[in-house]
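Only one structure is covered here, and it is reproduced in the block below.
Note that the chains take the letters A, B, C and D in the order they are written out, and that residue 1 is the start of every chain.
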C-alpha cells in the first residue's frame, strides 16, 4: 500500500534547521510513519548559503522569500526554524495559507505575538505543533508514563536546572542571542523555557512564580568589531520559584554561567511514592526511585528497551541514541497527529501558556514579588 | 609534656548528644589536640535515662538540673545538645558562669533569642561556637580551600538542596520536630539551615531572599494517641531564592518530602573559572571542575589524602570516614581556638546572622515578596 | 567542485545492515567526505524481504545473488554485513573483482578463513577495512589520542569487560548465534572480540593468553520448535588473562550472562601517569585520571567538544550522539583512506591477528595452559 | 545486670593496631555487646614507641615481649596485628596458653604456617577468628543476605578487583611490604586476598585457578639509603581466573599500579536473577539489580537503614559510616560468637583455605597452567 506524501518547507537552516532536516530525512527510515515525506524546499535570506544548504541537508529546492514559500500550493507543512523575532509573521502567513505548522520553541518573543499565532492557526483550522524536542527523549517520555501510571503518587516537588557555560568568559562576543530585540530573552527563553515546559508536561500547570533574572556581564565585545562593546540586555541567568495547580512546588533555573556544565538539563520530581531524575547529558538514562522495601534506591533505567517509548524502532538494549533523535520523534508524532486528526502536544496553546509563564517570571523579577499566571 | 585538661559538661543526650559524646571521646585518640578532655558530666531531665546514658556515652557523672551543672566550678566547657527552645536559657546561664560554650544549630528558635545569647557571651567574654558540623567534612573544607585560593574565580551561583523523606507518609506522627513551639520551624531550621550556613561559609553573606514555605500534610496523628491528630504548624519544605553581597545568586532548599533522598545535602557552586559539587551521602567526595583545556570535566576528588583537611589523622587514601567525624573535627577546632585565643567559626555571631536569614525567608514567604537581611 | 561518486553494494540487511545503511546515508550529510556515495544495491537471499529492505534503508536496487553483485562493473565498494560463515567467500570474490571491501567483524569464523581473505585482498591490491565500530566512538578515539600523546605514561593494565544478559533465561531459544557452525563462537567472537580489538588498538599487540570458556546452559529450545532442544556448542562466557608485547597485562571478558548489563563494553587502562575508563552505555563520556597534585581524581570528560574526534560535524557541546554514529565515522574513514591512498585501520591484517588471539583463547581454555600468539 | 569483662592484649600497634584499638574502644559505645572489654595491654618491640602508643590508643599497659603477654593469666583475648611473618609463632603460643585469638589477615605467609596455626587452635580448643574486615561493611553483609535469600538466583560470575596506586612511582622505596621474607607476597596477599576472601564469602569455594603475577618495577631504592637499590621479590600485580565449586567463574585482581585508584576494592556478582556491585571507595552503597519488569536497572542502595546489617547501632538513614567501623563490627561478632559458643567466620580454617588459594595462584603463575585447590 502506497502512503500519501506530505511536502515540507523549512524556513531557516542553521542549528535548528540542521536538526529538523535530519529528522525529516530519518523519520521514515526507522519508523512506519503514516505519511511519506518529501523535503521540498528550504528557505533562507542568504541566497548563496541556502543554495549550499539545500543539497547538504537533503532539500530538493531552495528559496529566499518565505512569503512565497508558505503560499506554494505544493507545500503541506511549514517548519519554522528561524530566530524568535520572525516566528509570528511566518506562522500567521502559513496559517492563512492553510498549512500545517511546526514551530521551534519559544513560540514567540512575547505573549502578544504568541497569541496572534494561536489566533491565526485556530481561525485557519490548521494543525499546529510547538517543537519542545526534549519531551520526546525516551527517558523523558518514560518519566511521563511512570507519572501517569501513578507510580510516583502525588507530586510534591519539581526541581529543574538547565545549566550551560558558553558565555562565562566576559570576552565572548555580544551575539544575537544576547540582544533582546532578536532573542526576546536570554537564558530564560532559550533554556529555562525547556525546563519550564518539562515541568508543565510532567507535573502540571504553573499558577504563580517568583523570578530572579541576572546579567553578570553587562557589556561585551561586538561580534563584528571587537574594539567596541555592546550592551547585553538579556538575562545571563534566570531562576524561579513556582507553584503548581496541583499543590506541587518547585524551582526552575536556566543559566549560561555554570562553568563545566555543557548541556545539563536536569530535573528531579518527588512524589509521595517515588521520584525520577533526568539529565540530558545522559539522555538515555532515567533515575527512578520507587519505595519497595528496605533495599530500595534510585535505579538507573537505561531507556533503551523495546518497551520504552520510541525505542523499538532503533537498536537493541543498551545501544544509545543521540540528541537529534528527539527531533525525529517530534516529526513522527506530528505525522501521527495529522493522520489521527488530533492536535499534537505541545501545540500553540502550550506555546502561549509557556510564554505567559516566562513573562510572569520576568515581571516578578522586575517587581520583586510573586506574579500569578493569568 | 602534660597537657592541661578541660572538663566538659554536655546538656542533652539524644541523637546530637550521642554524636557529640563520640567526638569528645575520639578527638584525642586521633588528633594531637592542645588540651586533654575530661567528659565530666552529662545532664538530662529523665533521671533514669540519663543515668543509663552516662556510662554508655562515656561521661563520668550524670545530672538532671542544667542550672546547677553550668555553674559548677569544675566545668570549663558547656556543650548544648538540647532542642532549640532551651538553647537561650542554657547558653545565657553558662555565659554568665564564664564557661566556654559549644551550641548545636540552630542557635535558637528566634532572632531575639539568638541575640540574647550573643549579647550574653560577649558580655561575659567567653569563647562561643556554633556547631554546624558539615563545614568540617574534609570535602567541604577542601571546597572552602579551593574557593579561597581563587581557583573557582568569581562566584556566580550557589545551588543548595538538603533533601530527606522521613515524613512523606501522612501517617507519620506529629513529633516534636513538627511543632513550632518546640522546633521553631520545620525543614527550614532543621536542614535548610545547613544548606544556608554552607552558602554563607563558601560563598558569602546573603543580602536578600524570596522564600516559599509549604506544609503538605497539615494534620498528623499524635505520637501518644494515634486516634487523635494534631496540627503541623511548621514547614514540610522551604525554598528560597537568594542574592549574595558579592553578586552571586542562588537557590536554597530543605525538604522532608523528597522520596528516596535520605540525607541529600548537596550543593553546587559555579564560579567564573570552575565549579564544585558536594553531596553528603557521598561525604568523602568532592566534584571539582577546573577549566584546563579541551579534556576538562568534573573530577571526583576522594578527599581522603593526607593533604586534605583533617585527613592526616585518620586513614590512608581511599579509606573513608563517617558522618560522626565531622563532630570530632568541630570539637578539635574548638580546642584549637581556645588555645590560640581566637574565636572559632561559626560562632554565635554567625548564629544570629543565620537566624536572621531564616527569619527573612519565613517573612518573605508570608509577604510574597523579597525581604532584605538587616 | 563536484566530487567523484563511489557506488556501494551491501551484502546482508539485518541488524548490521541497518546500521551500515544509516552510515552510508548520513556520512555526506554531516561530514565533508572526499567522495559522494551512491547506495546502489543491497543483496540478500530472501527476495521478498530484501525488496522491502531496499527502499526502507535507502538502496536504489536489490538483488539476491551476491556472486553477481560483487562482480558488477558499476560497484566500487562491497560492504559485507552477513553472518561470519559467509565472509570468506564474499570477500575473496569481491577482492578478485577488484572492489574495495568493508567487512563486519569478526573477519571470519576461523583463522584459516581470515588468512584466505587477507591473501585475496593483498593479491588483488584492493583497499580492505574491518569494521570494529567502537574504535570510532569519539570518547574511544579520545582515549587513543591521550595514550598516543603519552599522557598515561607507560601502560601497565588493561581491564576489558563486554557484558550483556540477553540469554540468561534458559528458555531463550537456540538461535543461530548459539551454533558454532554459523557463528564461529559465542560471546568470545561476538563481544569479547570487541574488547580484545580495543585492547590491541589502545594498548598494543597481545603475545599470550590464558583463556576460560564456559557454557552455562548447554541445551536450549529450538527456535522453530520449542518442544525440542538443541545443543549450544558455543561459549556463553569467555574470559582471558593476557600479556602484551609492551609489558602490560590485562583481563578480557565477554559474557551474555551478566544480568542487568545490556551493552556494558567497558575498559579501564592504567598507565604510570594516568588512567582512562570507558563504558559503551555512556558512550559520550571518557573517565580520565591524570596525576596533577593533591586534588586529582577521575574526571568525566564529555567527549562532545568540537576539539574531540569526529565531533565538530555534529552538535554543540553536551549534545550527545548515538550508537549508530560510530558506523558513520567508520565509513567516513574508509572514504578518507581511499582518497589518501592509505590502508584504513583496522584492516584485514588486524582481522587475521584478532582471529589468532581468539583462537588462542579457545585453545588455551581447552588445554588449560597459556598459549602464545603466533 | 553487669556483664562479664574480657581482657584484651594486642600485639602490634601500627596501622592495623590503630584500627583494632578503635574497634575495641568503640564496640561497647554503640553496640550492646555480650561482654565488656578491658583493653589491658598493647605489645611492641620498640619500648619508647609502644609506651607512647598505649595511652594514645587507649590501652592500660604496654609491653615489649609478646611471649610474656600471651601467657598472662589476666588476658582472655589475644589480637594479632603484626606483619605476617610473626603470626604463626604468636598464634601458636597464644593457643597453647588457651587464649581466644583474633588474627589480622593474611593468616600467615605460607600454607604451612597457616596449618600450624589451625592445628594449634584446634588442639587447644580455643576460639579463633581471622580478621577480614570488609565482610562486615554493611553493604557487603547486605550483599550476602541478598544472595542467601536467593534473590540473585544461581551465581554465574564473580568479578573482583582491588586496585591501588601507591607504588606506581619507581622511586618509591623498597619498604618491607615489598620483601617476600617479611610480607609473604605483594598485591596478592595484601589486597588480592581481600577480593578472594569476598569471593569465597559471597559465591563459594574456589576449586581451581589460573594466575598471573607481575613485578613491573624490579628494583627500588632502599628505605634507609636511597643511593642503593634492593630487589623487589613480590608481585606488583596479581591476576587470576577462577572456577568455583558451584559452577560460577570469575576473575580476581589485586594491583598497586592502578593510577588514580586509591582503595578500589570492587566486586560485581551476576546471578541468573540479579546482580550486585560493591566498591569500597563508596563503602556505604550497594548497587543491586533485580529483574522486575521493563523499568529495571541497577539501583543504588544506601546501606544506612536500620534494617541493614549493623546499621541500627549507628546513625539515621543517609548518615554514612567509615572504614574503621568494619573492625568494630568484627570484634562485635567475635564477642557474640564467644557468647554463643560458636566459631566466628572467617576463622583459621578459612585462613588455611585462603592461603591455599593464594599459593595456587602463585604456583599457577609460575607453571603457566591451571592449578586445583587441594
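Quick notes on this one:
Heads up, the rule we're going with is that a residue touches a chain if its C-beta (ideal position, glycine included) is under 8 Å from a C-beta of that chain, and two chains touch if they have at least 3 such contacts.
On a predicted model such as this, the values are computed, not experimentally measured, just so you know.
Judged by contacting C-beta pairs, the busier of the interfaces C-D and A-C is C-D.
Just one of A-B, B-C or A-C has an interface built like that of B-D, with over half of its contact pairs in common by residue number: A-C. With centres defined by CA atoms alone, the chain at the far end from subunit B is C.
Separating the centre of subunit C from that of subunit D, both taken as means of CA atoms, is a distance of 41 Å.
Centres computed as Cα averages put subunit A at a distance of 54 Å from subunit D. Taking the mean of the C-alpha atoms as each chain's centre, subunit A and subunit C sit 36 Å apart. In subunit A, 261, 289, 296-298, 302 are the positions where the chain touches two or more neighbouring chains simultaneously. Residue ranges on subunit D touching subunit B, taken from their complex, read 15, 19, 22, 25, 29, 56-58, 164, 166, 261-264, 280-284, 302, 304, 314-325. The part of subunit D that touches subunit A in the complex is made up of residues 142, 146, 288-289, 294-302, 305, 307-308. Residues of subunit A touching subunit B in their complex: 152-153, 156-157, 159, 161, 163, 165, 168, 210, 212, 214, 216, 237, 239-241, 243, 247, 249, 251, 253, 255, 257-261, 268, 270-275, 289, 291, 296-298, 368-370.
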